[in-house]
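I've put the structures underneath this note.
Look at the two complexes coming up: subunit A is in both, with subunit B in one and subunit C in the other.
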Partner chain A sequence: MDKYGLAVAIIGAVICAALAGIGSARGVGLVGQSAAGLVSEDPSKFSKALILQLLPGTQGLYGLLVAVLLLSQIGVIGGAPQQLTFAQGAMYFFGAMPMAFGGYFSAVAQARVAVSGVGIIAKKPDQNGKAIIMSAMVETYAILALLISILIITGLGSVINAA
Partner chain B sequence: MKDTEFAFAVAKIRYAENSLISEKDLDRLIDAGSDAEARRMIAEKGYDAAVDTETMLNRASEALAAYIREISPDKNVVDFMLVANDYHNLKAALKELVSTHGMSAGFGPDGIVGKDEVKNAVLAKKFAELPEFLRGDAEKAYELLINLYDGQAADVFLDRAAADAAMRYAKQAKSEMAAALAERSCALNDIKIAYRAAYTGKDARFAEDAICPCASIDKEALIDASLHGEEALVSYLDEAGFAEAAGALRVSPADFEKYCDDALSELTYPAKWMSLGPDPLIAYYFARQTEIKNIRIIMSCRRLGLPAERIRQRVRKQYV
Partner chain C sequence: MAKAEMKKIEIIALLSDSKKLIERLQRRGVVEFCDITDERLVKMNTASNIASFEKHLNAVLTARQILSGYAPLKQSLLAGFSGRKEIDKHDFGDIVPDVDDYLKACYDIIELDKKIAAANASIGKTEARLDALRPWEPLDAELDFAGTRETVCMIGSLECKEDITEHIGALMRGSDDGDEKEPPAVSVTEVSRFGSKVNFALLCHKDDKTIVAERLRGAGFTPPPESGSYTPAERIAEYEKQAQTLRETVEKCTQSIAAYSGMEPQFDFAEDYLRLRSDKYEAIGKMGMTRSTFIIEGWIPADCAYKIQTEFEKKFVTAIRVYDPAPDEEAPVLMRNNAFVQPVEGVTEMYALPTAKDVDPNPVMSFFYYLLFGIMLSDAGYGLLMTVVTWIILKKTTVEGTLRRSLVMFRNCGVTTLFWGALFGSWFGDAPQVIARQFGVEIKTTALWFEPIKDPIKLLLFSFLLGIIHLFAGLCVLFYKNWKQGRKLDAVFDTIPVMLAVGGVAPAGAGIFVSTVPANVSKIGLMISLVGVVLMVLTGGRSAKNIFAKLFGGVYALYNTATGYLGDILSYSRLLALGLATGSIASVINLVCGMMGNPVLKIILFLTVFPVGHLANMAINLLGAYVHTARLQFVEFFSKFYEGGGRAFAPLTVNTKHLKFKEENING
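Up next is the complex of A and B:
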């Protein structure tokens, strides 16, 4: 089993980047549709709608960041892959999961809030700051997921490299 | 269909809601110094005031349905409301067909199909050219008119068929709001028929034929109450959970009509806070139709010279 340790860790990085990326793609796509509806009626609201569309895109970046960090810790980036036991690979795998799932679900939830925000811009454009703040509140949980994934992966790296 | 597929359409609707006529605008319309001024105010809201009021409002209604179809991913989302126009136009076409004086009956705006399509098929007696949902009903109504010379029976049959069709299309719309609107509309229409039956002393057969079954009304009990007169019917409504409807009926039929429209409008209010799904489109369609109805009421009342306060009493609640 121990020969699969590295593979399990890489799968963790793949899932993290993919799930968070899918969540962001869905989110940005959904808000984009809504923003396009508004801009087709009033092109002057493009910049306000664009900010809301960008917000669910950050989870994809966080997923990418965690995947790169993980791959760097296990030596895949740098050309010297470590020999990991299955248990070590599994620890890296689970370390990436908070960002994978937190990223996916927070991006989708944030998109729905941002779509409501597009409605606010349509009816009361001067209140767009509130629409952005409400949507940004969902970002908190993506950041918490990012934080815990970084702490686990960097902590694991220190422990495994020291051993 | 997923609610997220409506994101584009709902954003457009949110913007379009800004141009709905508000209650303040209606007040200004009621208080306008002359009909010319009133028409100018209506034109400012995007209506084609170059034609007569009825044509203007029918065109606005047709343009509204076309707009919803254009932007909605589900092209049939408001069919459960449009189908009433088809049955109205079918009735008008049949009346024109059997009229011995070549009288042109009052056609309404287009429904699911255009009024000309309905009119041409009926006047040529080519019922097979009508869309499937109208074909059988048109043939049966025509039989009633030709064989029994019973215009009222034909009208009752078509009204009932229209209510059935609305319920059927509402189910297809896969929207809780559409289902609730169709159900409430059917129930209120049944009450209207029962009251008319009680007022004119119609027999049980009339009510049995005309009242459309729906979940919120006990049809047999409603018919039974209507046979015992207006007061018995109103008392029954009090006990059957329609106390507000009963209260409005006690005041006047006009108040009841207003109550019906306002009660249906209230069902659409939750859509104000929905960002996805078909409900905001349905609510906007209903709101714009209410606006059209209000303009019709105000312009008619102005023509009749009614005082402003009486016009205000008849105006329906606006969505915004």
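Up next is the complex of A and C:
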């Protein structure tokens, strides 16, 4: 079993980057559609709409960040892959999961708020700050997921590397 | 500092001076007019004047837009940042009589544009007709030619794949149902054929007209697109001539519009002039009049009141009275802050303006805003870039208003970003290390303090500490606000127990993460915290009447504090998360840059991936830092003391877009 330890850890990184990325792609896509509708009516609102569209994009970056952090902890980045036991690999795997799922679902939920925010820009363009803030409220939970994933992975890294 | 004190002002003057006096007030821009509702005074209905100004204003804007479509202005990259042009008020007065000419030009442009649109529509229609008629061009007969004395001519088209003469011959023979009658004789001339559609002219004896027509109709015979006593060729020539004339009209009108290019500054002037007039008439509509005097009532910042009073009393025959507003009157809010605080006013405005009861949160907030923003972005390279770019824009352009305010804010945030980035050793991520490695030099760390990725718990605890300081600052503002309003008991009991409870628990809380907290420190802390908790339970329900409600209120206050502050403080973990995100993604970009073994490819990769990657990373994290710093202010900080919901001070002023008067406007 233990020869799969490294593979399990890498699967964790892959799922994390992929799920968070899919969530952001869906989110940015959703907002982009309604933003494009708005811009077709009033091209001058492009920059405001673009900011809203970008908001659900951060989860994908967080997913990438956790994946890179994990890969560098297990030495895949840096060229010296470690020998991990199955249990160690599984720990890394689960460490990446908060970001994977937190990222996916928060990106989609955040996108829904941002889509409604596009409506705010359409009717009251001077209130766009409020639309941004409302959408950013959802991102809090992606940040918390990112935080716990980082803490688990760096924590594991220092424990396992010291042993 | 902070909110400007507001006074009411009442100006009574001669009606004959009204125009000059109001114009001067408008240039001073410090009086917000109140609507006078005294029934004994006459009021001027200015709605129709304002409507006509709005109409002209719309015309100017439309004309300006049309003109920019035909003769685009060349603008430099920084043009979007340029502020209003200065103009002397006498020069302004000299140009005003020309505004009618400018307006005429505007309406002319709109008229020409309408003509072009109409002509283009007609061209489309004519061309459609031409297309329909072209297949008939070879027909050498008038389209409504009906036949000779003995014959009947039918012109039209049929769907048919084979030869048209045979097809019609077959049609005329009809179905073979034993009909012994001779089929009608016809002569068919094919005019043209497009795919399976054949246009033709058919001659038959007039006696056979009915049966021929019936059989043709049964086969789907359609007449030509139009009919008349002209040949298709004549008609086509006529249409072509029409289209040509229309095209010439379009060409001529386009040239006429383009000839107006260069008048853009004049149109801008007209736009500003109309805005000024419209604002002025709106103000005039609010004043009250007697037969020979008028009266203005309004709000004025207290520090401008004396200056305005002396100036106007010297200039005009007038009686001015400045007085305190009645206690139930909600004064409009004008924020006056120094250069350090003023840039973040926009952030507060995004939330809500302070009410009369609120303390202006900006002075306290500005410090934390810059600080927290810096930790969230925390890359010295990005900070330096932000500072330099915004500094250049501020130096090189005349940018003003809210855009200037935002730029100054980002410049200040850039400085703190540089500061934190240097402490955490992030210069475009780990770029110094990566670049040094290419030359065989190994740099261990550039951090002046420590690298967050090496010890995230340390930064996490530091973030919580900053969070506690930020929240306590909010409580201090609450203390100040309550104390100043004379609610000294509330000031003490709403803040001190919370501070004791939260601050006391903190060392023990930190002990969960690290083992280096001395045991007796957390023990003393917990005791302090206990004092706070007891105080809170005893005083939290002080507004209730009976003893049980008091106790229940106290427990409820404790519960609220425990859950609320836990969530609030944990929320500051985003300082760590966002800071790590910036630095780590920057390092990934650097990693990609250094991936290639071949030195030429490496340089190419570096020159492309490095700038593009870092710009994108900076942009997205800048947005993140901006939004999440604002969130920490709005949700965590403001909830401690701030109500909001005030109305912005909106004086009658020179509300122009393109020009400003050289004479000093007191309000800035």
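Everything below uses one rule, namely that the second predicted complex is superposed on the first by the 163 of 163 C-alpha atoms of A that agree within 3 Å, B and C clash if a C-alpha of one lies under 4 Å from a C-alpha of the other, contacts with A are read in each partner's own complex, and residues count from 1 in each chain.
Everything that follows uses one rule, which is that contacts are C-beta pairs under 8 Å (C-beta built on N, C-alpha and C of every residue); 3 or more make two chains touch, one makes a residue touch a chain.
In this text, all values refer to a predicted model and were calculated from it rather than measured experimentally.
K.L.:
Would you mind checking whether subunit B and subunit C clash or fit side by side on subunit A after the superposition?
P.N.:
By the criteria stated at the top, subunit C and subunit B fit after superposition, with no clash.
K.L.:
Under the stated touch criterion, which partner chain does A:A90 make contact with: subunit B (first), subunit C (second), both, or neither?
P.N.:
neither
K.L.:
So, A:L54: does it touch subunit B (first), subunit C (second), both, or neither?
P.N.:
second
K.L.:
Return first, second, both or neither, reflecting whether A:L38 touches subunit B, subunit C, both chains, or no partner chain.
P.N.:
Touch partner of A:L38: subunit B, not subunit C.
K.L.:
Tell me the angle subtended at the Cα centre of subunit A by the Cα centres of subunit B and subunit C, rounded to the nearest 10 °.
P.N.:
Approximately 50 degrees at the subunit A centre.
K.L.:
Tell me the contact category for A:K123 with respect to subunit B and subunit C: first, second, both or neither.
P.N.:
First partner only.
K.L.:
Mind telling me which of the two, subunit B or subunit C, contacts the most residues of subunit A?
P.N.:
The larger set of subunit A residues in touch belongs to C.
K.L.:
Identify the partner contact of A:A25: answer first if only subunit B is touched, second if only subunit C is, both if each is, neither if none is.
P.N.:
It touches nothing on subunit B or subunit C.
K.L.:
Which partner does A:A136 contact after superposing on A: first (subunit B), second (subunit C), both, neither?
P.N.:
second
K.L.:
Is A:V115 touching anything from subunit B or subunit C once the two structures are fitted on A? First, second, both or neither.
P.N.:
So A:V115 only meets subunit B here.
K.L.:
Between subunit B and subunit C, what is the shortest CA distance in the superposition, whole Å?
P.N.:
Minimum C-alpha separation, subunit B to subunit C, in the superposed model is 11 Å.
K.L.:
On subunit A, which stretch or stretches are contacted by subunit B in one complex as well as by subunit C in the other?
P.N.:
none
K.L.:
So in the complex, which bits of subunit C are touching subunit A?
P.N.:
350, 453, 456-457, 460, 570-571, 573-574, 576-578, 580-581, 584-585, 587-588, 591, 620, 623-624, 627-628, 630-631, 634-635
K.L.:
Which of the residues in subunit A end up touching subunit C in this complex?
P.N.:
These residues of subunit A touch subunit C: 51, 54-55, 57-58, 61-62, 64-65, 68-69, 77, 129-130, 132-133, 136-137, 139-140, 143-144, 146-147, 150-151, 154.
K.L.:
Can you list the subunit B residues touching subunit A in their complex?
P.N.:
On the subunit B side, the touching residues are 4, 7-12, 14-18, 71, 275-276.
K.L.:
Show which residues of subunit A lie in contact with subunit B when the two form their complex.
P.N.:
30-31, 33-38, 40-42, 112, 115-116, 118-119, 122-123
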